[in-house]
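Quick heads-up: structures coming right below.
Below, chain A partners chain B and then partners chain C, in two separate complexes.
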Partner chain A sequence: MTPGTQFAAAGGVVARVLRFAVPLILLSALGFVPLADLGANATKVLFLTCLSIGASVAWNILGGFTGQPSFGFAVFYGLGAYTSALCINGGVNPYLSYPLAAGIAALASLLIGLPTFRLRGPYFAIATIGVSEAVRVVMTNLAFTGGASGYRITEQVPFRQLEHYYTGLALAALAVVISMLVRYSRFGLGLRAIRDDQEAAADSGVNPYVSKLAAHAVAAALTGATGGVYARYAAFISPDGVFAFQRSVAILLMPIIGGVNTIWGPVLGGGVYGVIEEELTARFPEFHLLLYGALVILIILFEPGGLMGLLGRMRRLVLRLRVGSWQPS
Partner chain B sequence: MTFADYLNLVISAVLLAGTYAAVAVGMTIIYGVMKIVNLAHAGFLMLGAYFVYEVHERAGLHPLLGVALAFPAFYFLGILVHWALGRGIPVSDEPTLPSLLLMFGLWLVLQNLGYLVWGTSDRSILTPMTFATLRYGEITIPKIGLVVFICAVLSLAALEFVLHKTWFGRAVRALIQNRYACRIVGVHVQRTARMTFGLGIAFAGAAGGLLALLYPFSPDFGRPFLLRSFVIIVLGGLESFSGVFLGALILALVETFSILAIPSSYQPAISFSLLVVALVVLPGGVAGVIARKRRLA
Partner chain C sequence: MAAILTLEGVSKYFAGLAALDGVSFEVREGEIVGLIGPNGAGKTTLFSIIAGSQAPTSGKITFQGRDITGVKSFRAVHAGIARTHQITKPFRSMTVRENVEVGLRFGRQSGAHSAGRGPIQNQVREILALVGIERLADMSSVTLPVGDLKRLELARTLAARPSLLLLDEVCAGLTESEMASILDLLRDIQKRGTTIIYVEHNLRAILSTCQHVVVLNFGKKLAEGPPQEMQNNPAVIEAYIGKKAEA
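Up next is the complex of A and B:
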C-alpha cells in the first residue's frame, strides 16, 4: 500500500465521520445561539430559517427521495397554519395544535395524491399547481376564516420569542430525523427504487402507488406542522400569505439549491435561503425570484446535486491535490 | 333563461374553445415530441402578450399583425432557448425531473423579467373592435372574440397542414410515435426536436398575443392558462392534436356554463376540478375513450 492510498483511505474514514458529525454539531450549536443575545431581529431570522429547513426537508422526502416534485406545498403549509390558528383560538394547547395541523395536511395530501398518483408521468407535478390555486381561491372565499382579509390569532400569554425559536429548532431537528429514518429504512429504499425505475420497483414488490401516497403524507404532515408553528408566531395569516404560489416556489427552491435526494442538502438549502431571503426580498422586492429562477437553471444544467454536489466536488478536488502531493515520484 | 341566452353562452364557449386550443397546442406538440412538460409555456404566453402590446404601442401596427409577427419572432426565440438549454432538455421517453425543473426555472426567469421590464400593473390592448358586438336578433357575438377565434382556427389549420403535408410534419408525428424507429429511417431527431420546440414556443407567443386582445394582462398572466392548457391536454389524451380541440371545447363549455351554478369567485378552481375528474374517470383522455370504443366496435 503506498502512502497515497493509505492517506486516501484515512481521508475517507475521516470524511465519513465528519459528514455525520459536522451537521449534528452545527445543529446543536444552533440551540445555544440565542444565549449570545443576538437581538430580536436576528432571532427572528434564525426562527424563520428553522421553519424553512423544516419545509425544505419535508419537500425532499417526496420530491427528492421519491422523485415526485410538487409545486403545491403551500397547500399543506397553509392548511397547517389555519388548523393551528383555529385550534389556538379555540383554546387548544398550541403544542397540541401542531400534530393536528400535521394530520389535516396529511389528509389533504391523500386527497391530492389519490387521483394524481394513479398515473405515471407529469400529472402529479402539474396537478399540484392547480391544487394550490384552487385551495387558495377557496380559502379566499371561506367566511369563517375571514376570507381574503385573513385570520388573527389571539393568545392570552405573553409573547416569548425564544420559545418560538426553540419550537422551530425542534421542528427542524424532527424533520431531519424523520428524513434520516425514511432514507435508511426499507420504506425509503422502496422510494428510491421508485425514483430510479418505477417498473423495476413494482416488480421487486414495492407498491409505487401506496409508497408515493405515504411519502406524500409524511412530507405534508411535516409541512403542515411547520405552517402551524409559523402561524402561532405570525399571529396573523391570510390566504395570500400562507397559500401563495410564491410560498410553494420557495419550498421547492430550497432543496434544489441545497441538493435534492440527500439528507443535508435540503438543510443547507433551507438554511441559506432562510438567511438570505429577507435581505434579498428587501433589496430586490420585484425580481428576487429572477435570481432564484436563474439559479435553478444553472443548477440543473451544471450541478444537479446543488450545493451538496458542489461541496462534494470541492472535497474530491482537495483530496486529489493532497494525495497527488504525497505520491512518490 | 331563454333559448337565446343559452345559445349566446354556447357561442361564447365555442369562441373561447378556439382560443384555448391555440393556447394548448404549443404545449402539446412539445410534450408529444420531447416529453417535456413546458412549464415555461406560461412565461412565453406572457411574453407574447407584451410583444403584441409593444408592437401595437410603439410601432403602431395592428395587433393582429403583431400576432402574425409573433410567430417568427418566437420561433427563433424557441430555437435560441433550445440551443442554450439543450443539454438539459434531451428527447426522452417520459418526462424527466430535471427538464421539468429546468422549464420551471425558465418560467420564473421570464416572469420576473416581465416584472422588471413592465412593472406590476395590468396592461390591455384596446382597439375599436374591443367593445364592438355583432347582433343578430337576440344573439350577440363579441367582435373581438370572433376575430381571435378565426385567427386561432386559421393558425391551427396551418399547423395541421404542416404536420400532415410536409416532411418536417411527418418527422414530428413519427417522433411522437416512436423515437427509435425514427432514427432507423433517418429522421434527424435533434434537429426535429429543436424545430418542434421553436414551433411550440411560436404558438405560445402567438396565442399569448391573441389572449392579450381578450384580457388585460400582467407579468403573472400565464399561470391560469398553464393549468388550463394542461387540463386540455389531459382531456385530449396528451399526444393527440384532434384531442386538443375536444379538450378545449369541453373546458370552455364547463367554464362558461358553470357561471350559472358556481359563484364567479370560485372560477379558478374549476379547471383543477375538471383535471381531477378527467384523471379519475378517463385517464386516456376523451380521445382515448373514443379510440377504445372504436377498437371494441
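Up next is the complex of A and C:
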C-alpha cells in the first residue's frame, strides 16, 4: 500500500467515525443548549428548528429515498396539528396525542397514496398539490374545528418552554433514527431501487406500489407528529397556517437545500431553514419566498446534491490537495 | 421433458394494432429456446407479457402448472420468472454489489427462503463470480461499460433465483470475444437447471446455444423447431430477407 492509498484508507475510517460522531456531538450540544440560558426567543427558534428538521427528514423518506416528490405534506402536518389540538382539548395527555396525530396522518397518506401513486413523476407532484389544496378548503369550511377562524388549544397547565424544546428535539432525533433504519434496511434498498428505476425494481421482485405507500405512511406519520407538537406549542392553529401551500413548499425545500436522498442533508437543510426562516420572514415579509425560489434554482443548477453535495465536493478537493502534496522520497 | 411454460393464443393489441396475434407455443424445462424474428415482430412485447410488465389482451399463460396470465412483474419474479432488458436498466445510485443485492433480497428465494445459502454478501460474491464481474463489486454501476452492464443485468436477474430466465439481446453491442464468453455463461446457467428464453438478432448466437427456436413475424408465430431446420425454412428466410424476384 502506498502512502497515498494509506492516506485515503485512513480518510475513509475518519469519515466513517465522523459520520456518527458529528451528529451525536451535535445532538448532545442541542440537549445542553437551554442550560446556556439563551433566552425565550432563541429557544423558540431552536424549538422550531427541531420541528423543521423532523418534517424535513420525514419528507426525504418519500421524496429523497423513494424519489416521489410530494407537494402535499402540509396535509399531514395540518391533520397532525388538528388531531393533537382536538385530543388535548378533549382531555387526552399531549404525549398520547402525538402518536394519534401520527396515526391519523398515516391513514390520510394511504387514502391519498392509493390513487396518486398510480401516477408518475410530475403527474404525481401535481396531484399532491390538488389534494393538499382540497384538504385546506375543506378544513376552512369545517365548523367543528372553527373553520377559517382557526382553533384554540386550552391547557390547564403552565407554559413550560423547555418541555416543548425537549419534545421537539426528541422528535427530530426520532425522525433521524427512523430515517437511518429505513435507509439501511431491506425496505430502504427497495425504495432506492424504485427511485432509480421503477420497472427494473419490479422486475427484481420489489412491489413498487406497496413500498411507496409504506414510505408515504412512515413520512406522513412523522410529519403528523411534528404538526401535533407544533399545535400544542402554538396553542392556536388555523387552516391558512398549518395547511398552507407555503408549508408544503417549506417542507420540500429543506431537504433540497440540505441534500435529498441522504441521511444528514435534510437535517442540515432543516437546521439552516429553521434558523434563517424567522429572520427572513421578519425582514422580508413579501420577498422571503422569492429568495427561497432563487435559492432552489441556484441549487438545482449548480449543486443538485445541496449542502451535503457541496461539503462532499470540498472534502474531495481537500483530500486531493493533501494526497497531491505527498511526494515519493 | 415437461413443459415449464405454455402460451395459448396470446394476443396484444395497442389501439387496434396487433403487436401479438394468437401466439401459442411451449417451452420445455431445461431448454434454451431462441425467440427470433425481424424488427417489430413482437418479441419484446411477448417478453414483457410473460414477465408481467404488460398484460395480454387475450390468451393464457401457464407457468409450472399455474395460470400466471396478467400477473404483475414482481409476482412473476416471486413465481420464478426473471427478465433482462434490451437496454440495460442498472440502479444507477447503487454499486454493482447493491444492484445484485436487490435481486437477492427481493427475488424468489428472498427472506426466509434464502437461509442456508449463507450470508447475503457471500451469495452476492458467488453470483458476481459466476458472471465474471467480481472485481467490479464496489464500483458504481454508472461507470460500467456496455459489456459489464449486460453482465450486471444478468447477475441481478440471476440473483432473483429464477427457474425461467428471459434474456433480451444480451449480446447486442458486444465484441466477438465478449459474446463468446456470454454464450458460454448461458450454457453454464442452463447446466445449473435454469430454463432460458433468448431473444437475439445474431443468428450465430442462436444456432450455437438454442435447442429450439420460435420464429415470430408481424405478431404471429411463423414457425418453430430445431435451429438448423429454422435456418433453412423458406418462410423464415422470406420473413428475414424477402422473396426472390420472379423472372
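Everything that follows uses one rule, which is that the second predicted complex is superposed on the first by the 326 of 329 C-alpha atoms of A that agree within 3 Å, B and C clash if a C-alpha of one lies under 4 Å from a C-alpha of the other, contacts with A are read in each partner's own complex, and residues count from 1 in each chain.
Criterion: a contact is a pair of C-beta atoms (placed from the backbone, for glycine too) under 8 Å apart; a residue touches a chain by one contact, two chains touch by 3 or more.
In this text the structure is predicted, and so the values were computed from the model without any measurement.
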(message) Just to be sure I read the superposition right, which of the two partners does A:296 touch: chain B = first, chain C = second, or both, or neither?
(response) first
- Query: Once the shared chain is lined up, is A:304 touching chain B (first), chain C (second), both, or neither of them?
  - Reply: first
- prompt: When the two structures are overlaid on chain A, which partner does A:71 contact: first (chain B), second (chain C), both, or neither?
  reply: first
The chain contacting more residues of chain A, comparing chain B with chain C, is B
**Q.** Which of chain B and chain C A:115 touches, first, second, both or neither
**A.** first
Under the stated touch criterion, which partner chain does A:133 make contact with: chain B (first), chain C (second), both, or neither?
first
Let me test your reading of the model: by the given contact rule, A:125 touches which partner, first (chain B), second (chain C), both or neither? first
| query | So, A:141: does it touch chain B (first), chain C (second), both, or neither? | reply | first
- Regarding the shared-chain residue A:203, is it in contact with chain B (first), chain C (second), both, or neither? second
Interface residues of chain A shared by chain B and chain C, listed none
Chain B residues touching chain A in their complex are 37, 85, 87-88, 94-95, 97-98, 100-102, 104-113, 115-116, 120, 223-224, 226-227, 230-231, 234, 263, 265-269, 271-273, 275-276, 279-280, 283
Chain A contacts chain B in the complex at 67, 69, 71, 115-116, 118-123, 125-127, 129-131, 133-134, 137-138, 140-141, 245, 249, 252, 256, 286-287, 289-290, 292-297, 300-301, 304
Touching chain A in the complex, chain C uses residues 51, 53, 72-74, 77-78, 82-83, 85, 89-94, 98, 101-103, 105-108, 110, 156-157, 159-160
The answer for chain A against chain C in the complex is residues 186, 189-190, 192-193, 195-197, 199-208, 261
